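I have a structure I would like to understand better, so I am pasting it below and will then ask my questions one at a time.
Going in written order, the chains are labelled A, B and C, and every chain counts its residues from 1.
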Amino acid sequence: MSKLNAIARYELLMAWRRRSLPILWLLLLVGSIFFTTLVANSSRPTADADQADVVESTLAAADLPEWAQGIDMLVVEHTVGLFSVVITGMVFFMVGVTLLMGEVIPLDRQFKVRELLDTLPISRATYLVGKLLGAWIGVLLGILIGGALCVVAIRLILGIYDLRVFAVMWLVMLTPMALVAAALSVLAGSFFGSRRTAVLVGLLVLPFVMTLAMVAVPTLGGIGALIEPIYALVVQMEPSAATNTLIGQRIEDTLLVFAGVVLAAWTVVWGWMRVRSAR
Amino acid sequence: MAWRFSFRAVGWLLALIGGLLLVARLAIAAANSEFIEGTFASFEVIVPLMAGLHAALLFAPDDEPALELLLAAPRPAAYLIYERLAVLIVLQGGLALALSVLTVVITHGEKLITPMIGYGENLITLMIIWIAPTVCIVGLCLLATLYARRTAFGVLTAIMICVAMAFGREVILPTFPNLWFTIFYLDARAVTPEQYFANRAFLLGVGVVALALVLRRMRDEEALLGYSEAKNG
Amino acid sequence: MIEIENLTKTYRGKVNALNGVDLAIGTGMFGLVGPNGAGKTTLMRILAGLLRASSGRVVVFGHDLSHYEERQSAKANLGYLPQDLGLYPNLNATEFLNYMAILKGMTDKRERGRQIDGLIENVRLTDVAKRRLKTYSGGMKRRIGIAQALLGDPKLLIVDEPTAGLDPEERVRFRNLLADMAADRTIILSTHIVEDISQSCNALAVLRGGRVVFHGTPGDLIERARGHVWALTMAARQRPDERLTVVSSLQMQTGTQYRVVGDAADSTDVVQVEPSLEDGYLWLMQGQAVVG
């Protein structure tokens, strides 16, 4: 356990010092805050806005079903707008994760440390899990720190919004996607011996990761509905426990698919390492 | 020998991918006339992105094997960039040019993106569309890789520029209309021909300045070896 | 105790790096010499568990290295310094050694810290221990490599060209350090600097073309060259007979003085001299000595 811990800890330290982590975290922040600014600009009424628009907006709120009456529609509007903020942050972050995390294992070869590591009493699985954990912790720290800063920045830029919904969207959409991207990038990069090749491999992994993200976003983005029915991506006229169960089940299934993808990639890489060391 | 080494260092994979994407887009347009309209625009998206990614891979001091030997050679270090850039231009530019000719031949007389810059849909128009953003992104990505010392940062720059530009046309421009001169994918129909040419000239200028900075940096062997950074610990 | 029986290693392309090597290596310092491509590094990599033998048997302290688990167990007692050692450029010396120590299984933090401080002191890097490794000179990096190999007090130490890049003072210090440690462990030292072996090893093997062509003590190898080492002085522009191997040459006012290995008894102006280990090695390489 201490070996695993050491690999992860030092991997984290080295990623920080070679500026991969700061850049990665910055990407998440820049992507999110940049888009928040755009959302704020588009939702702010312009000076020449027609009085009729305001009236129409009020009427729309009045047309809401009974269960949705009394909800502050400004908060709803801002919070729904944050859905695209999370997606933009996620896209920026995942591009960074896929391109920067793939170098973790190739760097050991590029720095010529791998030969030394192979003479130490650590198993292939420990080495691989340690590297993966290091990458994952870096990603998670970015999500937490970036999330905390975004909470404040969004409040300042956009105004009031439902923090609970933003928090669950941030965690449930961003975290699994970023972890999958990091895992695939680290594992795919492990076949190669230079940082340059790892970047090229990251470029090839990127379309796959993005496709996975785009397929999963509609499902994972529905998590807000479990807090307030009005945040369901498909409008629920009659929110019910059955609907919530369905949303929860779909999210669970998506996360299981993610776990399966990571597990499959892990098995391939671990098997390859085993075959290679048996030569 | 040096050229062969440069060709190997630059690689051809990204040029191939870009070419295949353009050919696929062209095939779709040839098969279905409904898709002809976006054919020129596809050059504007694919060529700069692939060239930018390719440029990011050209020369990263930290990832360059035998950097000391290369810098100790009697010829100027900038030759490394000249050679690799030449290979990149031949691969990416040559392919894009050949496919541009093919596109104009195939789509000639069809409904394209009229009225494009007021000059019609000919080869020159198509070249104007993709050359300026390509030069711009190639310069910026080379510069990013050189200063950050790592390939990954240059590649990130290429992708982020393209993502920002994709947002730029649809999202940034309506919010900040004064930024029209920076946008890669500027809709020629939304601005005057003068504005469109000013935009292309600006992008070209940025690319040329970035390339000049790259060549200037290549004269500083000590910085390329990272010694100034090492002293600061 | 290390036992190597009929060890063969064939790389892809049917390149025979080792060809039926038999060796028994006990406690103490064991030297490994041979020309480039003789198979020294391959042999050391097999002993370090990095490569698997194509055939034959290697047992290190009772662990048969043909099995993965056994190799892993053997690694727990191993210190290894590769010829081309790399370091993590963004870590400092203390961090790097701490990382390696944990991976070697040193779980006690206090003991680890004590040993790391001691080793850094031993390789004279205390002043720069907190500086990033990317700022180190070649010799300093080599010394960090030596320190990491000694971490965990390993029973088997395999060092490939350990003194390459070290200044003469450091070379002597390191040689003495190894000699002190050799009392209760096995140290395998591969080097091209024959002097290092003559000063510190109690046994050595000479490899050539993947085979052991000599196995014995440095004294045995020196004895083989006795009567075949000569000093001769020649006028300018004259060269010794091609059958003789020139060990050294010294320009003098009267001509050039050569130290040669071979049969020069019939030459004029020759003086027989006391052989050194280097002479013994060269005599062996001439192919005139009987395989040991």
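Convention: contacts are C-beta pairs under 8 Å (C-beta built on N, C-alpha and C of every residue); 3 or more make two chains touch, one makes a residue touch a chain.
Since this is a predicted model, take the numbers as computed values, not measurements.
Trainee: With centres defined as the mean of C-alpha atoms, identify the chain lying farthest from chain B.
Mentor: Here the answer is chain C, farthest from chain B.
Trainee: Can you pull out the chain pair that has more C-beta pairs in contact than any other?
Mentor: Top-ranked chain pair by contacting C-beta pairs: A-C.
Trainee: Averaged over CA atoms, how far is the centre of chain A from the centre of chain C? Could you give it in whole Å?
Mentor: 51
Trainee: If you average the CA atoms of chain A and of chain B, how far apart do the two points sit, in angstrom?
Mentor: 29
Trainee: Hey, what residues on chain B touch two or more of the other chains?
Mentor: As it turns out, chain B has no residue touching two or more other chains.
Trainee: Going by the touch rule set out above, which residues of chain A reach two or more other chains?
Mentor: Touching at least two other chains: 18.
Trainee: Where does chain C touch two or more other chains at once, residue-wise?
Mentor: 132
Trainee: Contact residues on chain A for chain B in the complex?
Mentor: 18-20, 23, 27, 38, 41-42, 91-92, 95-96, 99-100, 103, 110, 194-196, 199-200, 202-203
Trainee: Quick one: in the complex, what on chain C touches chain A?
Mentor: Contact set of chain C toward chain A: 48-50, 52, 68, 72-73, 75-76, 78, 80, 82, 84-91, 95, 99-100, 102-105, 107, 132, 148.
Trainee: Please give the residue numbers of chain A that touch chain C in the complex, ascending.
Mentor: Residues in contact with chain C: 2-3, 5-7, 10, 13-14, 17-18, 111-113, 115-123, 277-279.
Trainee: Using the touch definition from the top, list the residues of chain B that touch chain A in their complex.
Mentor: Per the stated touch rule, the residues are 11, 13-14, 53, 57, 60, 62-63, 148, 150-153, 155-156, 159-160, 163, 167, 171-172, 175.
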